[in-house]
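Next come two complexes, and both contain subunit A; in the first it sits with subunit B, in the second with subunit C.
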Partner chain A sequence: MTQAPPHGFWQRMQQIPRYYIYALLAGVVIWQLLFPIRLPIAPSRATLGVRDAIRNVPEDKIVIISVDWDASTQPETGPQTQAIIEACFQLKKRFAIMNLAAPMGVKLANDIALRVARRYNAKYGVDWCNWGYKVGQGNFLMAVAKNIPKAVATDFYNKPVSELPMMRGVENISSIGLVVEVTGLAGMTELWLGLIQGPYGTPFASAYTAVMAPGYYPYLDSGQMKGMLVGAKGAAEMETLVNRPGSAVAIMNVQSWAHLLIIVLIVIGNVAYFMGRRRPGEGRR
Partner chain B sequence: MSRLFAPAPTPRLLAAYLVIGLVGSVILIYLLHRGLGPRGRRWLIAVVTFVAGLFYGLEFYYPVHNRKNFLTDWIEPVSVMIAVIGAFTVGLGIYSLCQVHGRNVARRRPGWPNSLAFFVAFLAMLVFGLWSHYTPVGEPAPKVLPWQNGVYEVLFNGLFAPLQTATFSLLAFYIASAAYRAFRMRTAEAALMMIAAFIVMLGQVPVGAWITSGIPLTSPWAFFRLETLGEWILNWLNMPAQRGIVFGIAVGALAMSLRVWLSLERGTFFSEQR
Partner chain C sequence: MNPQLWILSAGAIATVLRGLTAALRDPQLWILWAGAIATLGVYTILYRENPVSRFFEHIFVGLSAGYLLVATWAFNLEGRWWDPMIHERRWYWIFAPVVGFLFYFIYSRRLSWLARLVMGLFFGAGAGTFFREFFPLYSPQLYASFKPLRPDAQVGWAAVILHNWLFVIVLLTVLSYFFFALPHEGRAGRNLGRAALLGRWFMMIAFGAMFGNTVMARISLFIGRMRFLLKDWLGSFIPWLAHRGM
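So, the complex of A and B:
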C-alpha cells in the first residue's frame, strides 16, 4: 500500500527530506568550526574530582591511565586522554598507559602522550610509559594487583617493563596511586571497581563518552569514583583546568549549537504533528 | 611456583618447550576427541569450568595472611594461561573471516569485491604492522620515518582511524533526522521525557549556561539555571533509576554466573550435540 502524498504546510513539514536536516546539521558544524562563538566553560564538581584525584597521588606511586577506546569515540575520549595526560605532566605525576579492550586505543593514546611529552620535556620510561594492550581483562587485573612486572612483562615497544626507571619499586597494586579509566565501552568500569578499587581501595576516576556517563553517576555518588569526565564537556572542562584549551573546547562550541538545532527541530516536528492533526476535515486520529 | 613457571634459560630450550607443548597438546586433544563421546566431552568441560570458577572464587574469598593465601601465587600463571587460550580465539576469528570471504571471492558471490578489499586491508595491516613493530624508530622519532613505518602510519592514522571515526560520526546525522521525525509528544510520559532531555542537553553545553546566565548564582532562583537543573536531573532523577538497574543487573548476573559455573545453563557447551 502506497502512502498518500503529504498535503498542507504542516504535513509537508513533517515529511521534509532527511537530506535537508543533514545539510542543516552539517552547516551548523562547519559554521562553528570556522567561526566559533566562544562561551565560558565552568568546571563541574565531577571534573574537579578527577583533577584533585591526580593531584593527591603520592610521590612514590604512579597513575594508571587505562585507554579502552578506539577511533569511533576519539572526538570525546581523545581530548579526555590528552587533558588527563596534561594534568599528570603539570602536576609531576608519573603515569602508565595501558589498554584492556579496543586495542587500537593504545597506539592512539601513545601518539597523544608522545606529542604532549615533547612539550614538557618528559622522558619515556622516566616520567611515563606505555604497558601496551593486555589480553585477559579481569584475569589480567587480578594478576596486576599481585605482581605488576610479571603480569605486564613487556611494554608497548616490547621492552621488559622492569627495565624502565619509573617502574623501579612498582611491585603490586599498592604502588598505584590512582587508576583513570578512559572508555567508550560499557563493562570496563565494573571490572576496575570490582577487582581493584573494591578489594584494594585504590582510588579510581573515569572519563566516559557523554552517552554512557549517566549510567555511572551512582559510583560517583557512592565515593567509589573520585571524579568523572563526561564526554567532550568533561574534556573541555579539564582542558580549561590545565589551561590548555584544545580540540574539546572547539567541539563544545559545535556541540552547543548542534544541540540547539536538534531541540529546535524536535519542537518544529512536534508543532507540525499537532497542527497537522487539527486540519479540518481529517478528524482526530 | 617461580621454579615451575620459570622462563626458559636459552632460546634453544624455549624452542624445545614450545615443540613439546605443541605436540603434547595435539596428542592430548586427539586422544580426548577420540576417547570421549559427546557425553564425556560435556562432563569434561563442566568439570574444567567448575574448577576454574572455584579457583578464582576461593582465591578471592579465602582469608589472607600478609595479603596472600595459598592460591594467590597461582593467580599470575593462571592468568597467563587464560591469556594464551584467549589469543587462540583471535586466530579462530581470523580463520573464520578468511573462510567466509575466501568463499565469496572464489565463487564470485554478490559483493565479492568487498571481500577482496578485506583481504587487501588485512594483509596490508598485518605485514606493515608487524614490520613497523619489529623495526622501532625510537624516541624522539626521526623527521623522516623508514618507509615501512611511514606506510603503517598512513594506513593506521591516515586511513583506519579516520574511516572508523567517520562511520561513527554519521550517527549524529541519523539522530538529528530521527529526532525530528520520530520524537513526538504523544503521551504525558513522552512529554516529560522530552522536557528532561531538553534540559539535560542544554545543561551539558556552554550555550545552555549562557541562556540562563541572567539568573545570578546567589539568587534563590539559581536552581533554575540550566546547568544546575541538568545536573539535578542527572543526580536526583537519573541516579536512583540507574542504581535500581545496576542492582537488578547484578542479581541477574550473579544468578547467571552460578548457572554457567555449575553448567546448568541450557544451550552451553555443545548441548545441542547428541
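So, the complex of A and C:
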C-alpha cells in the first residue's frame, strides 16, 4: 500500500528524508573542522584519576599499556593511546605496549609511540618497549603474573625482551606499577581485573570507546579502577592535561556542535509528534 | 547548466586530477588515496546497499583476518614454537599442532570423540579461568554497594549523602524489578510493583545515557574519517586545507 504524501508542517517535520539529516550532519562537521569555534574542555575526575595513577607509579616499576583496539575505533582509541603515552614520557615513567586481541592495534600504537618518543628523545628499550601481540588472553595474563620474560619472550621486533635495558629487574607482576587498558572490545577489562588487579592488587586504569564506557562505571565506583578515559572526550581531556591538544581536542570541538544538531533534531521530532497528535487524523497512524 | 557551475566543476576536477598525478609519483601518497577511496566507497552505503560498499567492506574483513594470521605467526608461533623446535632441537614441540589438529575430527562421525577430547580440555581450562576470575572481579562491587547512609561529617557531606541514598534506592528498586517470585498483588505485592516500576524508570534513564554515549562514539568515528578526508587526503593537494586548525 502506498503511503499518503505528508501534509501539514508538523507531519513533514516528522518525515524529513534521512539524506537531508546526513547532509546536515556532514555540513556541521565540515564547517567546524574548517572554521572551528573552540569550546572549553574541563578534565573530569575519571580522567584526572588516569593521570594521577600514572604519576603515582614508583620509579622502579613499569607501566603496561594494553592496546586492544584496531583501525575500526582509531579516532577514539588512537588519541587516547597517544595522550597516555605523552603522560608517561612527561612524567618519566617507563612503559611497555602489549596487545591481547585485535593485533592491528600493536602496530598502530607502535607508530604513535615512535612519533611521540622523538619529541622527548626517548629511546626504544630504555624508556619504552613493545611486547607485541600475545595470544592466550587469560592464560597469558596468568603467565605474565608469574614470569614476565618467559611469558613475553620476544618483543615487537622479534628480539628477546630480557635483552632490553628497561626490562632488567622486571621479573613478575610485582614489577608492574600500573596497567592501562585501551580498548574498544568488551571482555578485556574483566580479564585484567579478575586475573591481575584483584588477586595481586596491581593498580588498573582504562580508556574505552564511548559506546562501551557506561558499562564500566561500576568498576570505577568500586575503586577497582583508578581512572577512566571515556571516548574522544576522555582523550581530549587527557590531551588538555598533558598540554598537547591534538586530534581529540579537534574532534571534541566538532562533536559538541554535532551533538547540538542532534539535540535540535530530537526536539523537532518530538514537538512534531505531539503537535501532530493534537490534530485528529494527521499525526496518528 | 549555469556557466559559473561549469567553471567551478572544471576547477574541482582539475584539482583532483592534479592530486592524482602527484600521488602517482609518490608511493607514500598511494596509501592516502587508497584510504580515501575506501572511505568514500564504504560511505556509499548511506545512499543504499550497493556492491561498491560491499567490496570495500570485504577488503577490510579480509585485511583484518590476514593481519591476524601474520601477527599470530610473527609475534607468537615463530618465537615460541618454531624457533625452539628447529634451532634449539626441542623436537617434542611437533606434537603441539598434532593436538590442535584433533579439532578437525569433528567432521568424522567415527572419530569425533578425538575432537571432544581437546574441546573438553578447553572447556575445563575456560571454566577454571572464569571461576578464578569471577570472585576478584565481582566481590569488590558487592562490598562497594554497602554505602553509609549517615556518613561522618566531611567536606561535601551533603553531596555524599545524596549520592549514597540515590545509589541505594536505585540498587534496591532495580533489583526489585528482577524479583519474579512474588506476584504484584496484595499489599506487599503492590508495593513491590511500585518499586519495580521505579526501578524500570531508573533503567530507562540509564539506557538513555548509554544511547547518548553510543551516538557520541559513532559521531567520533565519522568526524575522524572526515578529518582524514579533509586534512590528510584533500590537504595533500590543497595546502589550505592541510593548514586549517583541525
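Everything that follows uses one rule, which is that the second predicted complex is superposed on the first by the 279 of 285 C-alpha atoms of A that agree within 3 Å, B and C clash if a C-alpha of one lies under 4 Å from a C-alpha of the other, contacts with A are read in each partner's own complex, and residues count from 1 in each chain.
Assume a contact is a pair of C-beta atoms (placed from the backbone, for glycine too) under 8 Å apart; a residue touches a chain by one contact, two chains touch by 3 or more.
From a predicted model like this one, the values you see are computed outputs, not experimental measurements.
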Subunit B and subunit C placed together on subunit A: clash or fit? clash
Would you check which partner chain A:103 touches, where first means subunit B only, second means subunit C only, and both and neither mean what they say? second
Next on the checklist: Looking at A:169, would you say it contacts subunit B, subunit C, both, or neither? Reply first, second, both or neither.
Outcome noted: neither
After the superposition on A, what does A:74 contact: first (subunit B), second (subunit C), both or neither? both
Item to complete: Would you check which partner chain A:33 touches, where first means subunit B only, second means subunit C only, and both and neither mean what they say?
Response: second
Under the stated touch criterion, which partner chain does A:214 make contact with: subunit B (first), subunit C (second), both, or neither?
both
Q.
For A:256 in the superposed arrangement: first (subunit B), second (subunit C), both or neither?
A. first
* Asked: Should A:273 be classified as contacting the first partner (subunit B), the second (subunit C), both, or neither?
  -> first
Item to complete: Have a look at where A:58 lands relative to subunit B and subunit C in the superposition and call it first, second, both or neither.
Response: neither
Which of the two partners, first being subunit B and second being subunit C, lies in contact with A:158: first, second, both, or neither? both
Residue overlap on subunit A between the subunit B interface and the subunit C interface 22, 25-26, 70, 72-75, 104, 134-135, 139, 142, 158, 199, 210, 214-215, 218, 221, 230-231, 233, 255, 258-259, 262
Per the touch rule above, subunit A residues touching subunit B in the complex are 14, 18, 21-22, 24-26, 39-42, 44, 70-75, 104, 107-108, 111, 114, 118, 124, 134-136, 139-140, 142-143, 146-147, 150-151, 157-158, 199, 210, 214-218, 221, 230-231, 233, 252-253, 255-263, 265-266, 268-270, 273
So, in the complex, the side of subunit A touching subunit C is made of residues 19, 22, 25-26, 29-30, 33-34, 36, 70, 72-76, 103-104, 106, 132-135, 138-139, 142, 153-154, 156, 158, 190-191, 193-195, 197-199, 209-211, 213-215, 218-219, 221-224, 230-233, 247, 250-251, 254-255, 258-259, 262
Per the touch rule, the subunit C residues reaching subunit A in their complex are 46-47, 64, 67-68, 71-72, 74-76, 78-80, 125, 129, 132-137, 140-141, 143-144, 206, 209-210, 213-227, 230-231, 241, 244-246
In the complex, the residues of subunit B that touch subunit A are 56, 59-60, 72-73, 75-76, 78-80, 82-83, 86-87, 133, 136, 139-141, 156-157, 160-165, 167-169, 172-173, 175-177, 179-181, 183-185, 194, 198, 201-202, 204-210, 227, 231, 234-235, 238-239, 242-243, 245-246
